[in-house]
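Here chain A shows up in two complexes: once beside chain B, once beside chain C.
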Partner chain A sequence: MSKFNREEHHRIMQKHFGIITTPGQFTVALAGNPNVGKSTVFNALTGLHQHTGNWPGKTVDNAQGSFTYLDSSFLMIDLPGTYSILAHTVEEQVARDFICFGKPDATLVVLDATCLERNLNLALQVMEITPHVIVCVNLMDEAIKKNITINISALQKELGVPVIPTAARNGKGLDSLRHALYEMSIGITHTTPRQIHYSPEVERAIQELTPKISRCIGNALNPRWVALRLLDGDSAFIDSITHYLDLENNRKELAV
Partner chain B sequence: MNTLSTTIPLSSISIGSICQIVSLNVKGLLRRRILDLGMVPGTPVQCIRKSPAGDPIAYLVRDTLIALRNDDASQIRVTLL
Partner chain C sequence: MSAVIKPMITLKEICTEAERIRLTTQNSFGDKIVSDIYVNAEKIANRTITKNTSENPSLDSRLDDILTSRLFGFPIMLLLLSGIFWLTITGANIPSEMIGNVLFAFQDQLIIWFALAGAPDWLTGVLVLGMYRSLAWVISVMLPPMAIFFPLFTLLEDLGYLPRVAFNLDNMFKKCQACGKQILTMCMGFGCNAAGVVACRIIDSPRERLIAVLTNNFVPCNGRFPTLIAIATIFMGGVVTSEYETAVASLVVTLLVILGILITFAVSWALSHTILKGETSSLVLELPPYRKPQFGAILYRSIIDRTLFVLKRAIIMAAPAGAIIWILANVYIGELSLIRHLAAWLHPFAYAIGLDGFILLAFILGLPANEIVVPILLMSYLSSGQMLEFDTLNDLRNILIDQGWTWLTAVCALLFCLLHWPCTTTLLSAYKETGSKKWTFLTFLIPTTIGFAVCFTVAQLARLLGLA
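Then we have the complex of A and B:
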């Protein structure tokens, strides 16, 4: 990140998300469906170094916690538990906007090992926005009790991002998790997140839209993802873009 | 494949019976929501119980109990298994 981008990023974080990081501190977003043990992971990693409040202007809880690993400091942001981030509810909007515009150094998606199939929806949605994703398969102890075995390395290969098994309430797997977050934050993790391929018509429309989108917003957001939201007719998202990126002049062109 | 004549609305299945989703005739945000809950074509769904007035109805989808309004469930076409 260049100096300008860093300052801009700091401004967005502070103004829109009420998040103030110390210099050199990495930010990690924590996402997941409800009841997957997301808060257990959060508590296990950050211990008593927590601070709770609300997201600016929203009646949605915002919990932040910090931890240190290998002399690096991390600020972890606990996002609301959601099944999706395609924004029907305020919670989903908060989660999406933070991943999208807050640009955390890593996004940790916590999945329930006992109902992986449904949980993967959220992981795939996050992987469409950003390549900086780590998947944490939590409740591995529950899965063993229910005779569910999960082939972690196969899952990792399929998804193209690091997959870490944990049983957070017993403290299992947390060290691997910290290490994965560390490696991703300092930029030595190479990911190839699995992308969803849509029907030929949709793919053609995406091809047509992406150059125009890149012209409007530069590389601030993943143009393919913005194209998908525009094709979805998601007008709330266009409002979010203008709100966060100060693009008032480009709004008309985007709306076309 | 199932033709339209063999499909019935999800809202019409009785308690305990299991069906499979064939198509979703819903649009917009509700469609998105239903897909996000894992109800995609091919998904097995079981009717678990009905509220006293018969609306909403609770369905078991991928090990999760989901209550749907009849207005919405009637837009989901299924075949009985």
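Then we have the complex of A and C:
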């Protein structure tokens, strides 16, 4: 990101999400289903450097914590635990809006190794929004106990983003996690996030909408994903777009 | 800096376009999108995960197989529900009597003290026979069932059973084009309809939220439970020999709850096919693992948060209501007291729906809080005739029979208790949640209309067939 973009980013974070970063600090969003040890990961990475509050205008908890790795400072934002980010609940909306409009430098999706299949839904949805995703397969120790073997390198190939196995309770895998977050934040990780294949009728509808969407909102958001939200009839999302993007457009127009 | 591209097409136009495409298919794209995501996840999982689960499936999933099965899911639900009612009714009788004895003994003492202090009759009347007596009734009739029902219900909640109930009923709500989460708001409604209405916030689609708000009152709240339980015990239970009394009574209460749920479905269906048309949103429902309940927390939550909270509300309402009733019953215009005039005026209408003027009056005066319906009723019955001491449910039964109650009166009173206007607190919550007078009025109108219609039909049919 250029200097200007970083400032802009800083401004949006503060204005819309009440998150204040120090100059040069990277932001990491932490997403995951409930009960997958997301908080354990959060606590293990940030230690005591945490503070909690609310999302602006929402009665949803917001916990932030910071840590330093290889002289870089990171601010980690713990998103509410959700099963999806299709925004059927306020929690889902908060998580989605942050990933989508807050544009964190990296989004860490924590998955439960013992029920990976169900958890993958969230990872796939996040990967539709942003390529800056790191998948953390937590509770590996539990999975081994339950005789579940997960082929991490195959999973990484399937998903096209870094996959880190952890057992956060025992502190296992946390170093690799920090390193992956670092590499992604400084921009040396290249990902090819797997896109969800939809059934033909959905794909056809997407094709119909995407050209118009990209003409309207430019590359601020993934047009394919916006098309999906519109097809889902998600009116809250349209509100979000106008709320977050119009402000930016107005400002830019003023600047020009 | 990036160049500014002037939008050639507005977001609004795209939304209309999307809406058009969205409505071309009957099945919503929303469901399709969700299921497609699952298919993708499954494919990836199949290629990367190997499970050597040769051992038996976990206890949790075996339990779930039974509790959420098509065959056993519903019967188990009903069994648990009637079991809870049975425990509540059986358990509440004795403490109810004991509390009643103590409180009414104190009433006699109060009267003596008032007499010693030389208080005028009207003061003793308003304060002791009005306020104190209705308080005593509310506490002795309401406290024991609540103190048993709430912990039991919280126990189910703590065990993790409620999400299974939501799972079992989700499909039916979907068929009514309502949200599966509505059942959770209904569960809250068992405690208090006002809380149930507020809980409708968890439903995100405004359309489905409105449906849940409008139908929440069909779940009997704990203000109405004691009334249902008392009438069911003394009338329905009285039909059979005493050993089956509580069993029959709990069955009757269970049937009433089921009736309430069925009407909820019917009204939800009707609403979503008339004034609240729209699509059903899908939700992911996770069945959390079963947990060992924490008994300390259950007791604390159910006693402090619910029982005492509700009792406090009832007491605040009951004291002034008691005073008002006493005044109404003791101010005479001509031959009759005010309350007799009112009851006589309501009677023809009340009779048509199987009640009598006093019952309807009690329900009307009970608008601030349903808890005080039975106390008001007893007070107006007693004040108009000879003074009776109320000690046990048996006395209650005698009072009611003296006043001409038949089984039909009891059935209609039960039905009307289940199906009538919500209390003012609920209406206020509905107004706050919907922000509209129209929807608040409908919250009032729908159950009231249904209540009158059902009671009228039952009463007229029974009389036509010569059953009563």
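Simple rule for what comes next: the second predicted complex is superposed on the first by the 241 of 256 C-alpha atoms of A that agree within 3 Å, B and C clash if a C-alpha of one lies under 4 Å from a C-alpha of the other, contacts with A are read in each partner's own complex, and residues count from 1 in each chain.
To be clear about the criterion, a contact is a pair of C-beta atoms (placed from the backbone, for glycine too) under 8 Å apart; a residue touches a chain by one contact, two chains touch by 3 or more.
Note that the coordinates shown come from a computational prediction; the quantities given were computed from them, not determined experimentally.
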Per-residue contact with chain A, leading partner among chain C and chain B: C
Would you sort A:Leu209 into first (chain B), second (chain C), both or neither based on which partner it touches? second
Mind working out whether A:Leu124 is in touch with chain B, chain C, both or neither, as first, second, both or neither? second
Using the superposition on chain A described above, determine whether A:Ala95 touches chain B (first), chain C (second), both, or neither. neither
Is A:Leu177 touching anything from chain B or chain C once the two structures are fitted on A? First, second, both or neither. neither
Looking at A:Ile77, would you say it contacts chain B, chain C, both, or neither? Reply first, second, both or neither. neither
In the overlay, answer first, second, both or neither for which of chain B and chain C A:Leu111 touches. neither
Partner chain in contact with A:Ile148 - chain B first, chain C second, else both or neither: second
Chain C-contacting residues of chain A that also contact chain B: 83-84, 86, 88, 117-118, 121
Spell out the residues on chain B that touch chain A in their complex, using ranges where they run on. 29, 32-33, 36-38, 62-64
Can you name the residues of chain A that touch chain C in the complex? 4, 33-35, 83-84, 86-90, 116-118, 120-121, 124-125, 146-151, 154-155, 158-159, 194, 196-199, 201-202, 205, 208-209, 212-213, 215-218, 227-228, 230-233, 236, 238, 241-242, 249, 252-253, 255-256
List of chain C residues in touch with chain A within their complex: 1, 4-5, 7-11, 13-15, 17-19, 21-22, 25, 28-30, 32-34, 36-38, 40-42, 44-45, 47-55, 202, 204, 279, 281-284, 286, 288
List the residues on chain A that touch chain B in their complex, please. 83-84, 86, 88, 114-115, 117-118, 121
